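Chain lettering (A, B, C, D and E) follows the sequence in which the chains are written, and residue indices restart at 1 in each chain.
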Amino acid sequence: MTALDASLAVRLDGFDLDVALRREHGVTAVLGPNGSGKTTALKALAGLHTLESGHVRVAGTTWADARTHLPPEARSVGMVLADPLLFPHLTLLDNVAFGPRSRGMPRAAARSRAAEELGRVGLAELTGRRPSQVSQGQAQRAALARALATDPALLLLDEPLSALDPQTRSVTRADLSHRLRDYAGVTVLVTHDPLDALTLADHLLFLEGGRVVQSGTPAEIVARPRSPYVAGVVGLNLVHGRLAGGGPPRLALAGGAELVVAEVPADARPGDELLATVNPAAVTLFTERPEASARNLWHLEVAAVTVTGQRARVRLHGVPGVELVAEVTLPAVAQLGVTVGTRLWAGVKATEVEVYPA
Amino acid sequence: MTALDASLAVRLDGFDLDVALRREHGVTAVLGPNGSGKTTALKALAGLHTLESGHVRVAGTTWADARTHLPPEARSVGMVLADPLLFPHLTLLDNVAFGPRSRGMPRAAARSRAAEELGRVGLAELTGRRPSQVSQGQAQRAALARALATDPALLLLDEPLSALDPQTRSVTRADLSHRLRDYAGVTVLVTHDPLDALTLADHLLFLEGGRVVQSGTPAEIVARPRSPYVAGVVGLNLVHGRLAGGGPPRLALAGGAELVVAEVPADARPGDELLATVNPAAVTLFTERPEASARNLWHLEVAAVTVTGQRARVRLHGVPGVELVAEVTLPAVAQLGVTVGTRLWAGVKATEVEVYPA
Amino acid sequence: MTTTGRGARRRPRTPGAVRTRLPLVAPAAVGVAFIVLPLVALLLRADWADLATHLSAPVVGQSLRLSAVTTAVTMVVVWTLGTPLAWLLARSDHPLTAWGRALVTVPLVLPPVVGGVALLMTWGRRGVLGGWLEEAFGVTLPFTTAAVVMAEIFVAMPFYVISVEGSMRSLDRRFDEVAATLGAGPVRTFRTVVVPMVLPGIAAGSALAWARALGEFGATITFAGSFPGRTQTAPLGVYAALERDPDAAVALSLVMLAVSVLVLGLLRSRWLR
Amino acid sequence: MTTTGRGARRRPRTPGAVRTRLPLVAPAAVGVAFIVLPLVALLLRADWADLATHLSAPVVGQSLRLSAVTTAVTMVVVWTLGTPLAWLLARSDHPLTAWGRALVTVPLVLPPVVGGVALLMTWGRRGVLGGWLEEAFGVTLPFTTAAVVMAEIFVAMPFYVISVEGSMRSLDRRFDEVAATLGAGPVRTFRTVVVPMVLPGIAAGSALAWARALGEFGATITFAGSFPGRTQTAPLGVYAALERDPDAAVALSLVMLAVSVLVLGLLRSRWLR
Amino acid sequence: GAADDGAAGDDDPAGPRTVTVLAAASLTDVLELVAADLESDHEGVRVELSFAASSTVVQQVQEGAPADVVALAGQEPLELLEASNRAGEPVVFTTNTLALAVPADNPAGIEGPEDLARDGIRLVVCRPEAPCGAAAQTLFAQLGISPAISSYEPDVRATLAKVSLGEADAGVVYNTDVATAADGVLAVEIPPQDNVVSRYPILAVSDNPLARVFIDEVLSARGQQHLADAGFVAP
């Protein structure tokens, strides 16, 4: 028996969602650009959107199909959004007890259940506080406890960490991961953060424009992203081209440029569409044209720079079909004078390019 | 003549700010944790908070001192907040013309000035749009144009990029940097993002608890952070300890652990307080206790993991006085099984430690 | 002027602050004066020396007591009926909702006397429902205290609904959704989430509605008549006493004024900031 | 029930949705019925066949015209005085502001007749200011069209102020601050930023205040009397006609009702969603 | 302002053209006829009429209503009118008697004033401060009955409206009111020996010469005829 078997067709003004999802257990991360329909999919699962067609079956119960539409309160579902949305007039304890009480548990039992859930997310001391008296991270953990206090068969998390500041986010991520390990139902986690996907989920689903563009295990996806968005999430440069005939193995890119590679798939014929990834760390930058061994060398303009720790990611463009991110150290940024608008030489060794069928 | 000469003492309920700031020109970035008083300082400069004592003198005019308090509208100041706060009932053109109009410019002149300013931030085509019809990044650029359309002597930017999504942020950062290059007045930029500080500012000022904890050029600060917060911003591990006597040169840390170093400042005596930085990339992680050359080796627990591109930053703790961030590649994360709670061996070579006086 | 000490923070932002605000302050002051002067005149004209005597006139105690009772009952009914109504209006997406909302607010604009006539045409002996009520149950409403309450509900409920609906509409819909996913049906959500969260709005709406009910005159006299102790509420008492015992009338008005200012002031300073 | 076609999206969320909402729908329905039934009764009782005749009775045209003129003037004054007042109240941090606010809203709760008496005590021949006005300028206000306008302002302005202040208070203060840094003084900020931004609130407040002015009866008859064409506004016309020509009274009421529903409905569907 | 019209029109060198009359509500129809007569006889003269309860009329004059003539239903309210407001001696220009108004179908079967004392009768009267209310009290005293009252209405109009709407079984009003009331109201006469006679005074309250003209018109044969037609009885 499949714990979650959903086929969601939702039509909103000017937006169509069409997604199928079957999972036995574990955490599925749903990723995609803004407006790709992630929240819409979760709401359809929760019963907050009505299906145009399709079905939702969870743990053997039909929640929605052509003839059925259970309202959210009749579905065994837990939901946590980016905003904790704790009820401001209730203490944390009563917030968490809200679900059990709503499902008919007597007050005392609901409260002891709530205290237990709060304990499991490390808030045992704060049960008597109001939401306004706790930090954002604590509020979000309480929201998680609240969603789990009803033992939902399906747990829906919509960017649960995105509103937290970076420090709180990683602590809360740890708590979340810890808590999810004990949870028996199916979790669907919407996120923009690759780390959430890689550390919390055992299955990834990428949406674009309301459709699934790629799905698989984290390892599969990290190895072979199939769309620029997915490549961006896993931190790789993705190049799309056709295998060129004659000469060294290389891809002809859309804008006329070429990418020399070391190997191509054994069965690839000239003219076949191929995808190639390049690790940003393997992109070398030079202010002057180098006499280097890199077989691929372009003169590009810096479009953007972002820094994490002592490393900078430099986005480069300016040659049609070539858009690259290079990862360099902070001292290198200073030394190369990297600012937006500078033109630099970027080199990629053929051996650093990984090629696979499109 | 100093363009900006401010000594700000502001007292709010439960919060005291005491900051001095003198700049001739250029961009000063103000950084600090939440609640450290960054916004309060900007508001005091703008005249939105009254000084308890101190003064604000800009371009030879006294805006505030013991006897004076010009209201904001009498100060030649421009302000941009995280939220663009464009007037929703006015077109972008009229938003930008608002300042000149308020300062008495005739309508036609104000509008042509506004059109010019919008052109300079790349919004020439959108002058007729309402704020609700442009993207967040465009709105923020319009807010910048609006602030600059009055030729302010002082430009105050309060986390101008923080509300933008990462992609829009780096594009807008480039526009901002471009626009600031042409601006003759003094800019004070509040930010949480080290990249803003490093790419936009020529002077950094760190606040904590309403006081300045460190200030200097970006290069000075990157090299020798003086507080854990500052070290965090520039992406280094900061260790605080006393020079131990006898044996190889090493620091005695607060919790009893020791940090072996290669060199100490020439004039340091045993017992002197010293600071040391370690680049996270220089921290090596092992699952088993290694037979390695690293002189410093601790068994630590993973407290948090963050990922950017194909690199992960792993925060480790568990030995008193030792709290380290290590930077490793994504494959290494998988191979080491790094998740929150795992215990790993972390090694730091003595040669990778940079020591300077506290 | 020095800036030492905490007091410095209270000083006007500029010496010229008042001058530059004059175009705002002047009309506002005229507005306040226009409203407050008549109240002051009322105070000036009051016969303070014999206030106690006037307040012990039978019309005063009797009508105040009746007003207290009827407005209390009115508020209970308004809460019971008006709160769900406000909620349904607030959450309805139907294009006709705006018109439904307008219809519910009609008593705001209907001259109270017309409202009284309309109530008579509905609940009076010859009214659409009143005739049937009398035949079936022998109940006649006009000239009873119940009629006073009905008149007060008719004029006060729209105030409550309009005000509470406003705060309910600004309540984040996601709270409803979260409550639903936690297993709370619409009624439970309303009771345990919506009402507690809009309590300040409910307080504000209650103050308005109560005040309107307290001051109600035209509909009451038309639908319920004026009989001391039964249907003569405080405003009717004021009117009745105005010529025979004007000092008692003024004294009664002062009591109403004081009570209202107190209630509005307390509510607004407690809830509405 | 199938889910094909767009229509499917409009179906009720569950067959049992109405049932589970009953505890909300039932009281709301009773509330609506209580308000709407009298209005329906008014419609039923109207003499539709001769409506045109009744509407051509002189009292109808004359009083409607007077009501239109006086409420228009009232609204101009209310806008002019009430908008700055609402803004100052909205932005004042002073602890006494709550009480000032309560004072300004007193006419909401004052029985209109008492309001009329208070106005007489202020502006009447023997009033606090009226005596002086008469001596100095030979102006007497009571029982003139000006008095009608004053009575309407007195009762309507509080509605406007309370409603507009609410929307002004929820206006992000940072807009004021940004306008100030751009060089706009308080008055310019008020005029070019605050007022345009709270226009929906101003529209809502205006609708309420206008409706209240239109329905005003007690203060008008006391302070301005009931002179046809001079001080007999539509509600006074209804009252005057009620006995001699009840059909004309009902017809006039219907016109007022229709105009009010129209104005409220249009405003609310345009501005208040 | 008030200076444009009515009493303050004295400044006009050609003499005032408007006369303002404040009168008891029960005189509404008659005085409108009288005013029409006067306006047709005197080219360019306008009569402004405002009707209210007599006590309200007096109060309005006290508070500065622009009035030239006051006509009241009964003499009690007149006593409240301060001497400073009087510009002439009051003249009793007509009298009125009470009648019982009952709904057309007379559901309570009221035949005479003594029926008012029966149980279960819903009786409305004017409030005691109004002349019609005072007269009703006198009537009950003369009859030696103390009927249960449902409501003290603010004026005759309201009293009559309660009857015509069928809410009250009976109302004590003026004879003349029943005559002018809309359909649906019947008069039950009160025997002359039990009835209360109200004497209606009229007087000038300003030195507007037109005030005298109006009073004379009321006292003229033509005016008295209108009064008689409406059910009033000459004094």
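Following the convention adopted for this analysis, a residue touches a chain if its C-beta (ideal position, glycine included) is under 8 Å from a C-beta of that chain, and two chains touch if they have at least 3 such contacts.
Labels paired with UniProt names: A, B = ABC transporter ATP-binding protein; C, D = Molybdenum transport system permease.
What you see is a predicted model; the values in this text were computed from it and never measured.
Comparing the centres of all chains, each the average of its CA atoms, the largest separation from chain A belongs to E.
Summarising the inter-chain contacts, the pair of chains with the most C-beta pairs in contact is C-D.
Chain B and chain D have Cα centroids separated by 53 Å. Centre-to-centre, using mean CA coordinates, chain D is 34 Å away from chain E.
Inter-chain spacing, taken between the CA centroids of chain B and chain E, is 86 Å.
Along chain B, residues 47, 71 each make contact with two or more other chains.
Along chain C, residues 117, 121, 185, 239, 242 each make contact with two or more other chains. Residue positions of chain E touching 2 or more other chains, listed in rising order: 161. Per the touch definition, chain C reaches chain D in the complex via residues 20-21, 23-25, 27-28, 30-32, 34-42, 44-45, 80-82, 84-85, 87-88, 98-115, 117-119, 121-122, 127-129, 150, 153-154, 157-158, 161-162, 166, 185-187, 190, 208, 211-212, 214-218, 234-235, 238-239, 242, 249-250, 253, 256-257, 260-261, 264-265, 268-269, 272-273. The part of chain A that touches chain B in the complex is made up of residues 34, 165-167, 169-171, 173-174, 177-178, 193-195, 198-199, 219, 222, 234-236, 279-281, 303-313, 315, 325, 327, 329-330, 333-334, 339-341.
Remark: chain E residues 55, 59, 80, 122, 124, 127-129, 149-154, 158, 161-162, 165-167 touch chain C in the complex.
Per the touch definition, chain B reaches chain D in the complex via residues 43, 46-48, 71-73, 75, 77-79, 81, 83, 85, 87-90, 98-99, 102-103, 146-147, 150, 156. For chain E in complex with chain D, the touching residues are 1-3, 5, 8, 20, 22, 28-29, 48-52, 56, 60, 62-66, 157, 160-161, 164, 180-182.
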